[in-house]
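Every chain is named by a letter (A, B, C and D) in the order it is written, and numbering of its residues begins at 1.
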Amino acid sequence: MDGLLLDIGLRHFLFVSLIVFVLGLYCVLTRKNAIGILLGVELILNSANINYIAFSHFSSGNYDGQVFAIFVIMLAAAEAVIGLAIVLGIYQNFSSIDIEAVDSLQG
Amino acid sequence: MPLEALVFYLLAALTIGSALIVALSHNLVYSAFALLGTFMGVAGLYALLAADFVAVIQVMLYIGGILVLILFAVMLTHRIADVDVSNRTVGRIPAVLILGVVGTVMGVCIGTAEWVQHAEPMVEPTTFGIGEAFLGPYILPFELASVVLLVALIGAVVVSRKELRGPMADG
Amino acid sequence: MESSILTLMIFFPLAGMVAVFCLPSQAKDLIRWTAFAFTLPAFFLGIWLYQNFDTTTTALQFVVNVPWIESFNIRYFVGVDGVSISMVLLTAFLCPICILASWNIERAEKGYFALFLLLDTAMTGVFCAMDFFLFFIFWELMLLPMYFLIGIWGGPRREYAAIKFFLYTMLGSALMLVCMLVFYFQAGAIEGVGYTFDLTQLPAVAQHFQTEPLLFGFSLPQIMWLALFINFAVKIPAFPFHTWLPDAHVEAPTAISVILAGVLLKMGTYGILRVNYPLLPAETFFFAPYCLAALGAWNIVYGAFCALSQCFTEPKDLKKLVAYSSISHMGYVMLGMASFTPQGINGAVLQMFNHGTITAMLFLIVGVIYDRAHHRRIDGFGGLASVMPVYTGVMGLAFFAAMGLPGLSAFISEVLCLLGAWHAYKIPTLLGALTVIITASYLLWTIQQMFLGQPREEYADMHLSEINTRELCMLVPLGAIVVILGFYPHAVLDLLDVSLQGLNEVVLSASTSSSPDAAAVALR
Amino acid sequence: MDHPLLVSYLRWIVLFPLLGAVINGVFGAKIQERFGKNGISVVACTAVGLAFIFALRAFFQLTSLVPEERYLLDTLLRWIHIGALQVDIAFAVDPLSGLMILIVTGIGGLIHLYSIGYMHDDEAYWRFFAYLNLFTAAMLTLVLADNLVLMFVGWEGVGLCSYGLIGFWYKEQANTTAGNKAFIVNRIGDAGFTLGIFIIFWSLFEAGHGTTAVFRDLGHLIHHLEGQMVWGVPAATLAALCLFVGATGKSAQIPLYVWLPDAMAGPTPVSALIHAATMVTAGVYMMARMHFLFSLSPVALGVVATVGALTALVAATIGLAQFDIKKVLAYSTVSQLGYMVLGVGVGAYGAAVFHLMTHAFFKACLFLGSGSVIHAMGDEQDMRKMGGLREKMPLTFWTFLISTIAIAGIPPLAGFFSKDEILWLTFSGGHPFLWLIGFAAAGMTAFYMFRQVFMVFFGENRADEHTKEHLHESPPVMTYPLIVLAVGALFAGFLGVPPALGGSNILEHWLEPVFAGGHGGGHAAHHHVEVIEYVLMVASVGIAAVGIFLAYLIYYRQSLSAETFTAVGGGVPYQAVFNKYYVDEFYHATAVRGSLVVSWLCSAFDRNVIDFIVNGVAKVTGLVGWAVGRFDHYIIDGLVNGLADVTFGIGNRLRQIQTGNLSIYLYVIVGAIAVSQFLPRVGADTLLPVVMVFLSLVIVVGIALWLSTRRIQWRLMFTKEGVSELR
């Protein structure tokens, strides 16, 4: 049992990542504030990155995982920029960033 | 307790703890600041995983870039119309239920799967290897990424332009 | 150059599409000329292709065969042989003409020409592709621009027509997709072949199918033959899958009608020759009497009578008449290729080419009068010969060519089709030969109602101006081809003969194992 | 014949008129504007003249050869070489076609000249000459073709020109209708012709000794047809009958003769050239060319002979009662063509061709003469308004009279020899009944032709004053051709004086190499002088004289009233004859109406008929749950529309999922992930993952649908505001 807890391995990182992921998902699901949702997305992306790096370190033996992590970071940056721009746009139009108020896509 | 385990648990606690604040805090500003802790913790985890380059990128980009951006947005929306910087949550019970299922299943997977593990995790400076990878097999995605960033840049400018808001406001 | 010529022909129009997109949408003339300019290279390359094509071999020529999606062994494999070269040339020839015919498009020119160029790429691609998957991709790619071209720039009921066209074609495509996958997986199960979409390797697969009855007494390859046939029959269009055609033609703008009748219909019969014949030869021989010969003869008769009815029943639409005549004329192709005689199969492919040029002329002619009068009613004119003599002359050439008058191109192909077919199927050929009477009736009746007689007073204020230079520029080359091929059909036949005879051999040698049954003999 | 003499000038016989047609057809309007009408006629007449010169050259080259080798061949272009079908654009001259090209270019040239005068006031002068040249080219192609397929090109080409020229004055509805009728009726014959080609080609192929469509090889191969059957009928008989159907169309025989009288709507030179002298004889020419085939089948020959004789009689009876000057000539033409076909039918090919030639002279002369009259009368064609033109138009009168005597069969003019030879060979060939029919028709011919002469040229002029003042003889350019043709009508008969009258029958000898293989009774070598031949000759001259005398009594002396004949049988026979036996009406009611009804049915079928099937299809669709009761008016459309409706219906339902509410979307997404992860876990390993994914999709979509219909409840249950509202 000691070995399991103290010998830090792949699973430990995966569990951390899982917890961050679940928290991010929770954040995304329950927030009414659009920026809050964006925060949750960032959490999710980070959890994915932890997985990449962990697998890269423990399993693959090459840099593919790290490369992908960098791509994800890049995407996160792009996503944050666009997302926030949209949030600002929504704010301008609806005077609110409450997602419940924004339902003009309703079919 | 070995040093490595200690460091890991500290970093994990930092990460998860601040993530909890992000997810649960009622104040958006707190949430945003707590994200700082998460990012730092994750960066630490990267370093622990011998991914020095990514860790540095994480600090620079996430903390220096994205987080600042988010904080600006929070402040900006706060200031413009002076609305309550609330961070109310909705539908917690179903969310918890669903996430319970997801989390459990994934946890079971993580716990039971036979992960491929190299006997000797590599520990070496990674910058050279990553550079090789980017300019070698990943040259096309790498170039595409620059295009994507450019497009995102232009897109953000276009979306937040004043003229576009007219028709949308009418609709 | 040698090997990349087909690739250039396929993708030049695509480059044109990009170029058109980059132009400002106000520069209408520039857009038109750009589109025209980008269809010309394919035309000139086509001439080069024609001159350098080796007519003595059945092998594929100008081949490019490189991996495309390696994990599924999908290849970018293009090439032409005698079966496809005439169609490639026809496409390359008709596209610049259609651009000229589109000069009057007045709405969203940029989108129109861009879509048209995309269509050009897809059509050329279909005729060049030798990989089943690539063939399928181009086949589907064609649908998209066609749908929009009819649905946006069409007549009053354009959306109905476009959706009808789309649904019919999708029905067929779904069947083809399934058959394609069956071939793919069957190929994977065979030693020495392996997973492949290569149309030149798939013939080896057919013998490995199980021949036990699977459904309604048909075996798997027979069902696949029928499924593929239905797909292609929609395009031909063979009865009873034809009702999209009159609607699509009536609604489509002139140039699109030309493409639709001139090139798209040929894809049906081309597909049968390219896929059904070599891949499932024994089944082809089994089904040919019913699905090709009998149905073809029925197409001839039925199309002609439907066209005749346009002379006296509403809506008396000239375009509808021409559309039904297309159905009738494509029947000759089916009848000819079902005969498995050298005359029949050569005649069939020649008829595909000739019908492409003649029906293009007919639709252009309809377009000319429609541009002036804004209607196409057969009984809505009269005495046009006095008002527009040159136009009437060109019309006469096209109408008599459609009638199969000797000395013009369609005569050769129709006679070859019927001559070949007589050997194998007496009664269908008899019907086909007698239908020339009906064909003459409806065309002459139309000429009489529209062009002869006194110019009507109630139409005197329409200001029908004589055909202009641009319109002559698109009609005269077609007319010249119609006349030249009437006297020297070997200009095209030489390209076809060797390959088609090879194809014929394939089917006939596969047929020796299966003897025709009693019902098929009765047709003979 | 086995080794044809290869020459390279025959092509010009066809190409010159074709060139003339192209020049006049494409640039005619400009030429006429620039150089006037003379420019047009110079081009056209030069083209035909050059063709005539080359035709003469070919003819004289033939005469310089020994009879058995009289065969010239000129291959212009490789045409269709596919499998066993090897045909070229090649022109061949043998004695038969050598004679025909002289007739076509010679008489054609004269009629070109005549047209210069006749058409002088017409605006579309250039168009007329373009057609005329094109016709000459097509007719020469027909005659010179060395194979059946090329012959068919000429065959339909002349039909096209005939169509264009009948409807030349296209502003009159009646003219264009006549043109349509001619073309469509001829198309029936053309279909027969093509089927004939197919049968010959494939039956020879199946016989296994090689096959061809080239005449000179067909002659050698054709006997292999014996024993070949198509549908249980001997192939030779069927092929011959099919070709004969073609001939009945072109040569206006029963039952397809109806177009020819209507074809008189065209300008008169056209009637003379196309509908009397050349085109209508194409059927006879073709049968003579294919004599070796017809000789193989006694049955077919019997049919041909019977049809020919009946046509001769029926047309003659109709001709008795017509008043239109050109209609009389038209029925006379049909009747004379009947004689020719009768000649072919009894195997007297030479005699048929002989009659073809003499008929070309006198009938062209008659038509041109009638054209001259019509021209003078101001386009009046009713004989009842003519009369007494003898003094005003002497040249026209004399030439017309000579031709009339010729056609009536009075020796020693041309018609006597040729017609009598046919009749004699019919009788001697063992067809006394057919002879009787032909004999009766000969009497009628004499009667109605002289009736015409008396009504037009003798007696009082019954025209109105205005017309009378303008009566004049036609200009020389019109009368000189008349004279030339009249001379032909006078003397052409001496080419075929039978041995019984001390002649040597030059024409038969000339044609002998062509028909050598046939079993024709017309072969000069088999010609025995018999007493009965003299008896029959006297008889036919006698009945002609009776006919002439009757016409003289009724229409010149008027001592006999026409009513005494028309009243026979209560006027019923007269009415029948006057109305052309109501054949047109019959055809209109059956064939024309029939095909219109069929076409109406087809188009109704396309729109309505399969309605019930579609209803069934729609019901199946309805079982799925959407389109029950959505039956479309159009059958096949119904299916398509049904598909569209189903798609639309599903989409409409699914649309409601689009609440626009972001959190609902998120819940659906995450929920789907959860379900798709969870289900495979709890399910046994035996369940296929694919099935599970599918099931989970169905569940998610189902839940989403359920939720979307209860969007209010959803909000009530899961949102704070909702909860507070509930309270």
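By our rule, contacts are C-beta pairs under 8 Å (C-beta built on N, C-alpha and C of every residue); 3 or more make two chains touch, one makes a residue touch a chain.
In this text the structure is predicted, and so the values were computed from the model without any measurement.
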Interface with more contacting C-beta pairs, comparing A-D to C-D: C-D
Chain with minimal offset from the mean of all protein Cα atoms: C
Chain A and chain D: spacing of chain centres that average the CA atoms, whole Å: 84
Mean-CA-position distance for chain D and chain C (Å): 31
Chain centre separation in whole Å, for chain C relative to chain A (CA means): 54
Rounded Å distance, chain A centre to chain B centre (Cα mean): 5
Numbers and ranges of chain C residues touching at least 2 other chains: none
Per-residue multi-chain contacts in chain D, two or more chains: 663, 667, 670, 719
Per-residue overlap in chain B, given as positions that touch at least 2 other chains: 88, 90-91, 95, 98-99, 102, 106
Chains touching one another, given as label pairs in label order: A-B, A-D, B-D, C-D
Parts of chain B lying in touch with chain A, wherever the complex brings them together: 1-2, 4-5, 8, 12, 15-16, 19-20, 22-23, 28, 31-32, 35, 38-39, 42, 45-46, 48-51, 53-54, 57-58, 61-62, 65-66, 69-70, 73-74, 76-77, 80-81, 83, 86-92, 95-96, 98-99, 102-103, 106-107, 110-111, 115-118, 121-122, 126, 129-130, 132-134, 138, 141, 145, 148-149, 152-153, 155-157, 159-160, 164-165, 168-169, 171
Of all residues in chain A, those that touch chain B in their complex: 5-16, 18-27, 29-33, 35-36, 38-40, 42-43, 46, 49-50, 53-54, 56-59, 61-64, 66-67, 69-71, 73-82, 84-89, 91-93, 95-97, 100, 104
Interfacial residue positions of chain A with respect to chain D in the complex: 25, 28-29, 32, 37, 99-100, 102-107
Contacting residues of chain D [partner chain C, same complex]: 25, 29, 77-85, 89, 149, 152-157, 160, 163, 167, 170-173, 176-177, 179-180, 183-184, 187-188, 190-191, 194-195, 197-199, 201-202, 205, 230-231, 595-596, 598-603, 606, 610, 634, 636-637, 640, 643-644
Complex contacts: residues of chain D adjacent to chain B: 663, 667, 670-671, 673-674, 677-678, 681, 718-720
